[in-house]
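Before anything else, here's the structure in question.
For clarity, chains are labelled A, B and C in written order, and residue numbers in each chain start from 1.
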Amino acid sequence: MAADKLHGDLVAALTAIPLIDPHSHIDPYAPTSRTLDDILGYHYYTELAHSAGMSQAPLAADVPPVERVRAILGHIDRFNNTAQYRWLIDILQSFLGWESNHVSAADADALFAKSEAVFGQADWEQQVFEKTNLEKIFLTNEFDDSLEGFDTARYVPCLRTDGLVFQLNLPVIRERLAKRTGIQVGDAATLRAAIRKLFEHFVAHGARACAISLPPSFTPVHIPSAEIDRVLSGFEPNDADAAVRASAVFWTIAECCREFALPFDLMIGVNRRVYRNGVYQGQDLFDSRTSLVQYQELFNAFPDVVFPVSVLSSFQNQELVSHSWIFPNVITSGHWWYSNIPTYIASDLRARLQAVPKTKQIGYYSDAYKLEFVRPKFGMYRSVLAHVLADEFVRPGILSETQAVELGRQLLRENVRQIFKI
Amino acid sequence: MAADKLHGDLVAALTAIPLIDPHSHIDPYAPTSRTLDDILGYHYYTELAHSAGMSQAPLAADVPPVERVRAILGHIDRFNNTAQYRWLIDILQSFLGWESNHVSAADADALFAKSEAVFGQADWEQQVFEKTNLEKIFLTNEFDDSLEGFDTARYVPCLRTDGLVFQLNLPVIRERLAKRTGIQVGDAATLRAAIRKLFEHFVAHGARACAISLPPSFTPVHIPSAEIDRVLSGFEPNDADAAVRASAVFWTIAECCREFALPFDLMIGVNRRVYRNGVYQGQDLFDSRTSLVQYQELFNAFPDVVFPVSVLSSFQNQELVSHSWIFPNVITSGHWWYSNIPTYIASDLRARLQAVPKTKQIGYYSDAYKLEFVRPKFGMYRSVLAHVLADEFVRPGILSETQAVELGRQLLRENVRQIFKI
Amino acid sequence: MAADKLHGDLVAALTAIPLIDPHSHIDPYAPTSRTLDDILGYHYYTELAHSAGMSQAPLAADVPPVERVRAILGHIDRFNNTAQYRWLIDILQSFLGWESNHVSAADADALFAKSEAVFGQADWEQQVFEKTNLEKIFLTNEFDDSLEGFDTARYVPCLRTDGLVFQLNLPVIRERLAKRTGIQVGDAATLRAAIRKLFEHFVAHGARACAISLPPSFTPVHIPSAEIDRVLSGFEPNDADAAVRASAVFWTIAECCREFALPFDLMIGVNRRVYRNGVYQGQDLFDSRTSLVQYQELFNAFPDVVFPVSVLSSFQNQELVSHSWIFPNVITSGHWWYSNIPTYIASDLRARLQAVPKTKQIGYYSDAYKLEFVRPKFGMYRSVLAHVLADEFVRPGILSETQAVELGRQLLRENVRQIFKI
């Protein structure tokens, strides 16, 4: 989409809004990149380089970072058409003083050296917050992650529950849970007690959400107590009870979200390990044979729990728009992973703005692993948002430019504050 | 999409075409609104207000209309971004002399009073017809609705068959059918006789279509007579024969459509009561795990029956485009419910205009419950249609402006006249 | 989409790139049309005319060609809104000196006569190549097609395997295979030997690809040898082993693609004979209840085989984009059949350009049965491509006009050369 004056003005006004990023995978003990290797090591680059022909050899742990950077930049001319490449250029320009609109293999060593110097500054974390206009960012914590030693007002804890729901059959998960809670889970009562302990701990440390990613086949249902007792009484190798147990744990977590008034982020539709020899975090895909209707029992049973829902494709987005339009407790949340490119953001966002109450839309989250990615990702979103606001609201005379920016502020900031009680 | 001179000219020309609205839920005995309460009581507003946080208390029957209007307008600042809100503004501007581009809670009492006065005029119905440039509008009649006492040339009857197909197990339906037809249905022969009686009655009263809405799982097949006899011989509480009986009744109705030369409107994909505590008419959703291929036996078996097909999502629209492109008896029909917002209309319409014979497209219907909604809904459609005609036909030099308006006339009016024999 | 100077310049530059068309159904012994009947006999026109009301009588073999042309043009005013109609106008303008932007029934006889004269020129084939800027075009050969007597550098053979995979239960297929290879297939070893013979023969004659079209339900899996032996040991009327045998043959073909280093074109999602009384080649549709995840075992098992994948709908395109982004061996290939209209090309192409490495995208193929269609179909694609390049890359300042043309060249030509080793 071509830039123009109105678009530029809207982008500028939207960029002035301080960000609260409601979903990331930032490590609060190492939030920023040490070198360009941490930037190019993001799975978006390793998987695109690998998909475009790079072997996985440069990704081995013992490869010197600068060599990995050379290898990935050595393939970048094969995928410099992508949105992800634009994030990289934005990072180079915003943080490393890069002036060109492109980068190539020949730039590897100079950029690596520059990144070491810049990212190594003592106040780099603070600089990134400022250059990003970032106020707070949510984490995604394992249930036994430490929540001490960092500023939870800045790095907001969020309880990730994938392991509890889908891997409780693994002894290591049960042992970690027992170690954290002091409770050995063996029936419905101990399950609830252990999960409540986690919630108490997280809420006491400022957690503002619970989150989980879910496979396309998942259909949560209520499991009676006696049945929960049964599927928690023993774990067999073939685990025929996996689906029932997953529902049982999931439902118990939803009950705790209700009790502790935490929104439950549902990230729906990911199939894990589809490409089994893919790079780390580059193995998962989705399956279009799925429907949000699979969650109808849940949405009906928990009217008091807010469910920010993320989906992976545009056809699921149309279901999400309709569900958010009808269910008071369903919120549209961000543009996730395979839908996080401008063309899908644009069409998905247009539909949300035309059919979902504006108070029920979480515009965007970065999903970042390193703080440097918050700026380019939100920048991409704001550019698309500005186009949609200009085309659908300002140019047809529905909203003034100022009103359009207020609508943007609602999506970017105010709804995050209200939904997560910040 | 931004307005421009060409767009404005096309909209003006399209607006001059008298409308025949081929699907609505107008009550011919009370076609217009009495007050703003009838406008805001439309499920699009009650469900959006409820979705945005309004309790259902104001929707109770004993709440005074003005209080309900206050409650819904009291929440409208939460969904004044939506396409449905634009319909409301259009109604206020077109019918109530409203000059602002916005409305808020503070306007409730004044607007309610104004609406009482305006809508209460003796010739209001006629005024709405004129301000809407509306010539005829189709009804959706239950099989035992009265078809007397109104002008069937203006309000065209249409036989709705949902109850017959999906609820014949209910004694109340069978009794109403027996009362209307004098026939007690108990086997294939009496089923056919009763349905033929309904068709005779409706056709004698000017009916021009038969219609039904269908769940995503429905797959009609031909049921042998002996099997129909069996599933009509008794009705058990758990109704294990429901699917077979639905196919049997549906197929018999299709046979009558063939005999009586009535088009059979199929509105495909709605899941009823997904949000069980939703507002009235605000409980239904769709399921993307469905395909028009489920109707292949039907489309093959009835080459002489015209099937105007409506779908609920853009991915189903691509199936519909392809089916209409291939099957002579499949017609694309309107933009239904969750797909009835500008962005989905635009993309669905573009595909239809590029791939389906122009004689096989019913452009739009209002689905209105009150006459006042025909104008804003068709207005939204015409605006999108004008954009698509401008971008895809006029600006690339394929059609002149006059030819583009003729193409619009075909979709808006001529196809309705030809397909429904008006 | 409106034309402008930038768009025009990009189209001109893209049109100057010589084409290698990587998929067609050209008969190398009769590559061009004899008359307008061969143009209008293309299934896109016969099915649209039939869908719009034409009986199939004019399509009978004994109807004189000029009468068939009269019949189809006699219905063209019902579908002159379509993209396929624009191809026809392009052919008339490019090859028959037609100057109008439209054609109607009244033009039938004059155009037929003109076509006979023009297409009958001795050097017509060469003229079409030149007017199309066409360098090479791939064929789609049955396994026992002759590969002699034509220039395989210009008409590149491609082994079509639909019959082997899905119809080996038919005696006629097994007999043709035995006749071609000298091998009677009866177990895993003879199956492999026979297929290897086909590959040897095709590769020796310059074949550059293997291809197959696949139904939505197909899920290829590896079948153990003993099981292959069993399903090839006998063929029963009801053929309960059809799915297992299809997987066995398909997998064996994939193994030969690996051994002979041939890309395996997968054209995924077509349901055959949905409209059973449709015109020839106008009976097939798709089913949206399908997923590329069904191919995960295949993509994992054959990392060294390149799979150019075509899909039939936009929602499958989003899956394809994600799979190509992740799997090194999955290539996006063209815009197939029901997705081959400008609006779907535009949205599908936008997503591919934003998320798939540019080296992994086969921009387009004609799927033509007669050479005259290569020009209008590629012309449609280039126009859409120019719009996307202008809007997404040139106007936002990401690429210069020259760089954008280079990106187009990669999609149109360079990737075809590299992937098919030309």
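To be clear about the criterion, a contact is a pair of C-beta atoms (placed from the backbone, for glycine too) under 8 Å apart; a residue touches a chain by one contact, two chains touch by 3 or more.
Everything numeric in this text was worked out from a predicted model, so none of it was measured.
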**Report entry** Copies chain B and chain C touch via same or different residues, half shared test
**Finding:** different
Query raised in the report: Rounded to the nearest 5 degrees, what is the angle of the rotation relating the C-alpha atoms of chain A to those of chain C?
Result: 120
Report summary line: CA centroids of chain B and chain C: separation to the nearest Å works out as 39
Report task. Please list all residues of chain A that touch 2 or more other chains. Result -> 288-289, 314-315, 347
Report task. Please name which positions on chain C make contact with chain B in the complex. Result -> 1-3, 47-48, 50-53, 78-84, 86, 101, 271, 274-278, 282-289, 313-315, 338-339, 341-344, 347
Query raised in the report: Can you list the residues on chain A that touch chain B in the complex?
Result: 288-293, 296, 299-300, 303, 314-316, 318-319, 321-328, 347, 350-351, 353-360, 390-393, 395-398, 407
